[in-house]
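A, B, C and D are the chain letters, set down in written order, and residue numbers restart from 1 in every chain.
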Amino acid sequence: MEKKGIKVVTIGGGSSYTPELVEGFIKRYDSLPLRELWLVDIEEGKEKLEIVGNLAKRMVEKAGLPIEIHLTLDRREALKGADFVTTQLRVGLLKARALDESIPLKYGVIGQETNGPGGLFKGLRTIPVILDITKDMAELCPDAWLINFTNPAGMVTEAVLRYGHIKKVIGLCNVPIGMEMGVAKAFGVDHSRVRIDFAGLNHMVFGLNVYVDGENVTKKCIDMLANGEGGNDPKNIKSIAWEKEFIKALGILPCPYHRYYFKKSEMLEEEMEALKKEGTRAEVVQRVEAELFELYKDPNLAVKPPQLEKRGGAYYSDAAVRLIDSIYNDRRDIQPVNTRNNGAIKGIPDDSAVEVSCVITKDGPKPLNIGELPVAVNGLVQSIKSFERVAVEAAVTGDYNTALLAMTINPLVQSDTVGKKILDEMLEAHKEYLPQFFKKEQ
Amino acid sequence: MEKKGIKVVTIGGGSSYTPELVEGFIKRYDSLPLRELWLVDIEEGKEKLEIVGNLAKRMVEKAGLPIEIHLTLDRREALKGADFVTTQLRVGLLKARALDESIPLKYGVIGQETNGPGGLFKGLRTIPVILDITKDMAELCPDAWLINFTNPAGMVTEAVLRYGHIKKVIGLCNVPIGMEMGVAKAFGVDHSRVRIDFAGLNHMVFGLNVYVDGENVTKKCIDMLANGEGGNDPKNIKSIAWEKEFIKALGILPCPYHRYYFKKSEMLEEEMEALKKEGTRAEVVQRVEAELFELYKDPNLAVKPPQLEKRGGAYYSDAAVRLIDSIYNDRRDIQPVNTRNNGAIKGIPDDSAVEVSCVITKDGPKPLNIGELPVAVNGLVQSIKSFERVAVEAAVTGDYNTALLAMTINPLVQSDTVGKKILDEMLEAHKEYLPQFFKKEQ
Amino acid sequence: MEKKGIKVVTIGGGSSYTPELVEGFIKRYDSLPLRELWLVDIEEGKEKLEIVGNLAKRMVEKAGLPIEIHLTLDRREALKGADFVTTQLRVGLLKARALDESIPLKYGVIGQETNGPGGLFKGLRTIPVILDITKDMAELCPDAWLINFTNPAGMVTEAVLRYGHIKKVIGLCNVPIGMEMGVAKAFGVDHSRVRIDFAGLNHMVFGLNVYVDGENVTKKCIDMLANGEGGNDPKNIKSIAWEKEFIKALGILPCPYHRYYFKKSEMLEEEMEALKKEGTRAEVVQRVEAELFELYKDPNLAVKPPQLEKRGGAYYSDAAVRLIDSIYNDRRDIQPVNTRNNGAIKGIPDDSAVEVSCVITKDGPKPLNIGELPVAVNGLVQSIKSFERVAVEAAVTGDYNTALLAMTINPLVQSDTVGKKILDEMLEAHKEYLPQFFKKEQ
Amino acid sequence: MEKKGIKVVTIGGGSSYTPELVEGFIKRYDSLPLRELWLVDIEEGKEKLEIVGNLAKRMVEKAGLPIEIHLTLDRREALKGADFVTTQLRVGLLKARALDESIPLKYGVIGQETNGPGGLFKGLRTIPVILDITKDMAELCPDAWLINFTNPAGMVTEAVLRYGHIKKVIGLCNVPIGMEMGVAKAFGVDHSRVRIDFAGLNHMVFGLNVYVDGENVTKKCIDMLANGEGGNDPKNIKSIAWEKEFIKALGILPCPYHRYYFKKSEMLEEEMEALKKEGTRAEVVQRVEAELFELYKDPNLAVKPPQLEKRGGAYYSDAAVRLIDSIYNDRRDIQPVNTRNNGAIKGIPDDSAVEVSCVITKDGPKPLNIGELPVAVNGLVQSIKSFERVAVEAAVTGDYNTALLAMTINPLVQSDTVGKKILDEMLEAHKEYLPQFFKKEQ
């Protein structure tokens, strides 16, 4: 007999985000009966897994729900018969991220841990691990959905679509939901009354149309942005205002990460200064995390502590549990996720990952048709897609030249010579997590 | 009765390049019977027109050919019944180019007089003039071909395809023929034995495959480039070597202008130094031109003086006369030109201009089908196409915001704030040539 | 001040279908506050308009709702300030349809009043009238939605998209909802639990995937069809069973009209016999209509009489009112409608009409992305699209040769000589409704 | 050391066409130095191979050329080190063709041995054999070009592109060259002065533009056709005139085979009558062939006998040797061949075979870019492509249901029930040549 309720496996379960996820499952328990939540981590993360896992147990106990929390280092054991697998792992931990952000800065280049040179290296470290997970899934839970939160989420989804051993993958990011929340706040309405036609790539997504109660308010939104209002930037990106005339000509809603491409000099300067003052964003996060884990240890804590908000991942839990709920219940509501393009955005290959508004069904996300991207942004989106695709090739093959190609064509780099310097220093720095680049040397 | 031979009108006929063109017509006279060559210029260029026109007359006289040379300031008079119209005009002359190149540099941005911020302004000045010429052509010589040499040739062709009053337009550049010559030299063979599958945009064109006697020698070419051999860079672009691993991973032949995007920091540094040492490239050219016109005045000179080679426009005449000859004689040979895409390169709009290998027929260029561009370069090509299209919109509408949008999305700029500073200074500097941006203010 | 509630204008309001529409509005009044319903007809339809209009008035009175029913022959008066305009007109009435169906049969060709030669003539008569309505709408109610029920709905939608004076048009058909109902019945579930991914053209639509409660049951559906179960054919199409092996290889749900293309010989034979026995379908319908209007006259009748079901237009009202309700309330539910393709179905022009599952919003229908149609049906769908496009050209230009081209490329005709005979006889027969073809002769 | 001259292998070398091929090689010997011609056939064709092979030997001897003629039944022996492999085989010989043509006629359906039900069966018999040849080629002559003449040439090329073991395949047909010859004759000019932009599929190809000396004479051609002049129909297709108004609206040059789709009833009637009078075309050809082989036996005959012209394959030899010559010499001239689409014709998959004007290079054919097909013919072309693709699936899988699907969607069939009857009778009739459909039954 089929067991009632669903089994969710969270890989990288020892993450400081986990309490938010647990809170999300608790809130939606009525429609989404979670039977088992398996938190999986690796040996090095054992201690954190224990801390966060025990907090999770106290949370479900306090909520009075029959959800089993399992903590394990045995990924394959956890995956057996799973319905949903979420990945929020971080190969090399925040130490690696600090290097991703700081090494490029030495050469006058923004690190950008998702679409920049930092993101390239995060991809090179992460993609082989995720592909390996899909291999296990194909064997142990072939009908499960992989919900990937791990950055660079676009590149990782691209890699799974092209090289993964399963087909059911969705990449998830909190940026679009943050943009919706920003609009809701600016218009003083509830989130449910806002709809945005999202299209683009992960961390490179645009709101093509913005609706409140079905009325198209895009122009009003842009005017607000032009007046420095209405933004809702995440904690991790400095909110430098757009030039009024630029944003009006753009005419669509950029995401916070677009500042790296439309305000590159200002962002570089900002990051240089921040590095001097407070270290990389990774180092800031490391300090926040240390504090969080101190809090989590408190045996009297049985709810998500409010301090987690500072961590920067606002709405992640909401986005994740909302998505799982809509799949499980075939809700057919509209959510922005990373999925196979299949022609939804003209000019991007069918097989590539895009971030786009989708109807969420039991059979997975069905993209709304977008057609052509606005002329002015098509080029940039294509540039990042080119970068992502070459980066995936480099991650899968471990080929040095391909990695240099990816680095050079990145819009934040644009120099083979500078790119090579960054590449060489980063390869060396991350050596232990990049076996595919080094095994060949022997 | 139809008059025998063809009538060619050269707008901007007072250019220092004209003797090369004349030489080209003389050489091909047997297959291309030129009856009349009309050199047209504007009041400010009258003196140069006289000098170069008289040289042209001496050249045809010496060759003993019945070619009539007409010098005129009356464009409409010249256009009547023309078979081919070539445009090599320069709105604002070299003084404007000097500003195009030097103002951006003040803000740490390469000027790049074709695809960069300089090119944007050259486009803003030039496009209205060219569109005006097409209006006259539609009336006075509706069956004539417009062969446009004027930079930015890609943007100008795009503008004529979308807003022109005629359909028969071809954009021409000497970069591809220069690349062919480079390969011919490197392999020690005659130019006629080399074929390259060209695809991309003007000054953003790639050699996808290189053949010598039909054998695919692309890999060999790339290896030569990796070893610093085989290049054939024009006079106006500093020939900085590619990183070996980068060019190998790229795997296709870049054009010299690609250095602005794949070696951006190095080119910026180089231009900064050159500016200090010798002024802008425009200033260098101005000095060369002054010398050339001194030579042209010599009443004993009746051939193209060898010093013209230094000017930088090698092969232009050859490219232009070869093209006209192939159209006139329906030669069906393969030449790279700028023409309507119509699906030849996947992912670029049908109506947009591309630079691509074409079969040249009496009915115009017929592009060879290309399919998808290699992943690694698709993004950059699309970026420049986005830039060109927004720039054309700005040129046609005279809209400030649109101009700022074009400036900001240019891969050499990438900042709305820096872009705005450059834009404002350049608008002011070029004010007299940009009526579409200023008439509204009144 | 804006008046509360919405104004709907129904052109062809004297149709026997109208009571169903009125019933639909009454049922949904709570969410869709209908303020005014204007029934518009032409002089020849005046009597029917009176009869059906009075029934409508009795219906709303009985329901106790403050809906104003207006009867008028003045279309422009009616259109002023409308929110929704529905068209259910029939140029030439059922008499014309009888000719559409019977003339081709004389030449051994199925008439098929929508996608066949009959449909061509229905289009030639109808398209100029509908385009004229859009002209009035652009002037009198520019923000209104045109909901077109008039057949051939695909061709009419194509015509409005390409030549109409408004952008907000939706073509509506009861075939897809009938297919959903058929699945619901076969699986013994409520309609709301069924979802079908529809894609194709009007009367040429396929169910690519069938879901019940989100589970993909497509294979099960096909197996039912292979066993002769599960169909839900409309009254007007003879339900001849599919060859088991054919339907299994097809693998997707055909619509009832596909029998004309996949069982052409059988349908032809069937229509020939029916013609002998009972006259054309049009004649059958005429008899049913006469009876209906007799019933409608009864001053004691204040509900839709059950005999209307026999008429063949099951679910039309439901489809129409459901659609208007979802637009008005921004419901974002999924409904199959005819709308601009914009890349949703690969290989069909962006500007063409397709019938496809859409999310229905206040801003109109947003197609779900479909990608490529299955190989086996792409050809047929493209054939009908070619036919529709050439037919629209003929309707707009009144060009004889173009009409012959449309006739000849229709998959039911396939002969220029036979096509010409049918064309000539039909042009003559419908002369009074085809001014665009005859005014030139004078 | 590499041997001088080229080695050509002709599979189905015992064909009555071979003398034409030999004549072609003799004529072009100066530019195309043929060293060895291997004529390969199967046991059943041994006698014919001897006859035709001996004639070939006498022909080269008479021409005084050092061409070796080899006759063999050992295909693998022949293929070793080949430069070009041509296939002109006929699985089941003309007896099978007679069945292909006559069985469908029993059910009122045109057999059409290439794109019709007959073509389906020719494909089912032939494709496995050709795929097997590509397997041998991949092993024994991996650099050779496969030039396939075997019908259905479009379907066979599609099969090799999708399932073959080599990439270098070209499908060749004499229909386009026949159309060029027809235009040349009608205009009274030499073939070399005619150029046609061909696009479509094999036996479904259109001349989109027709040029004489580079002048576009398409309209003049169409007018000639409208007046019943200018055609150049092959021997095997009855030349029934087009309706004047139809051909004018079509506006492009159809190929002779288009009569099966645009004059279907007339062609059916014609074939029915011909069958009664003279048997199938296959039977006519059988009689002609018998006579030819009698002639070939004559030891005094050392040239191609003029009677071969009657056989119907005019220009085949010219097309084939011209193609091989252009590849060998990297001529870069334009020829229509069947090759991978790769985006040349919009809306047809990249991987599919199309018949299109190509520049012929040593690296193979490079299609000219076509863009969209004219609306009126796109549907029919897509229908045949759908048919070809499903037919290839059936040939490769041997799946009965897929074969029925292919049969039913063929525009000449359009009925699953009639299609099933034809399919069943033909499967039985061709049983010995269709092992893939029968081995599973055991």
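General remarks:
Just so we're on the same page, a residue touches a chain if its C-beta (ideal position, glycine included) is under 8 Å from a C-beta of that chain, and two chains touch if they have at least 3 such contacts.
Molecules present, by chain and UniProt name: A, B, C, D = 6-phospho-beta-glucosidase.
Fair warning: this is a prediction, and the values are worked out from it, not measured in the lab.
Taken together, chain A and chain C share no touching chain.
Using the mean of the Cα atoms as each chain's centre, the chain most removed from chain D is A. Between the Cα centres of chain A and chain D there is a gap of 54 Å. Rounded to whole angstrom units, the spacing between the C-alpha centres of chain A and chain B is 44. In chain C, there is no position where the chain touches two or more neighbouring chains simultaneously.
Taken as a contact graph, the chains are arranged in a single closed ring, with each chain touching exactly two others.
Under the contact rule stated at the top, the pairs of chains that touch are A-B, A-C, B-D, C-D.
Residues 195, 197, 209, 211, 213-216, 329-330, 332-334, 342-344, 346, 350, 359, 361-363, 366-372 of chain D are the ones touching chain B in the complex. Listed in rising order, the residues of chain C touching chain D in the complex are 108, 242-243, 245-250, 261-266, 347, 375-380, 382-387, 389-390, 399-402, 404-405, 408-409, 411, 414-420.
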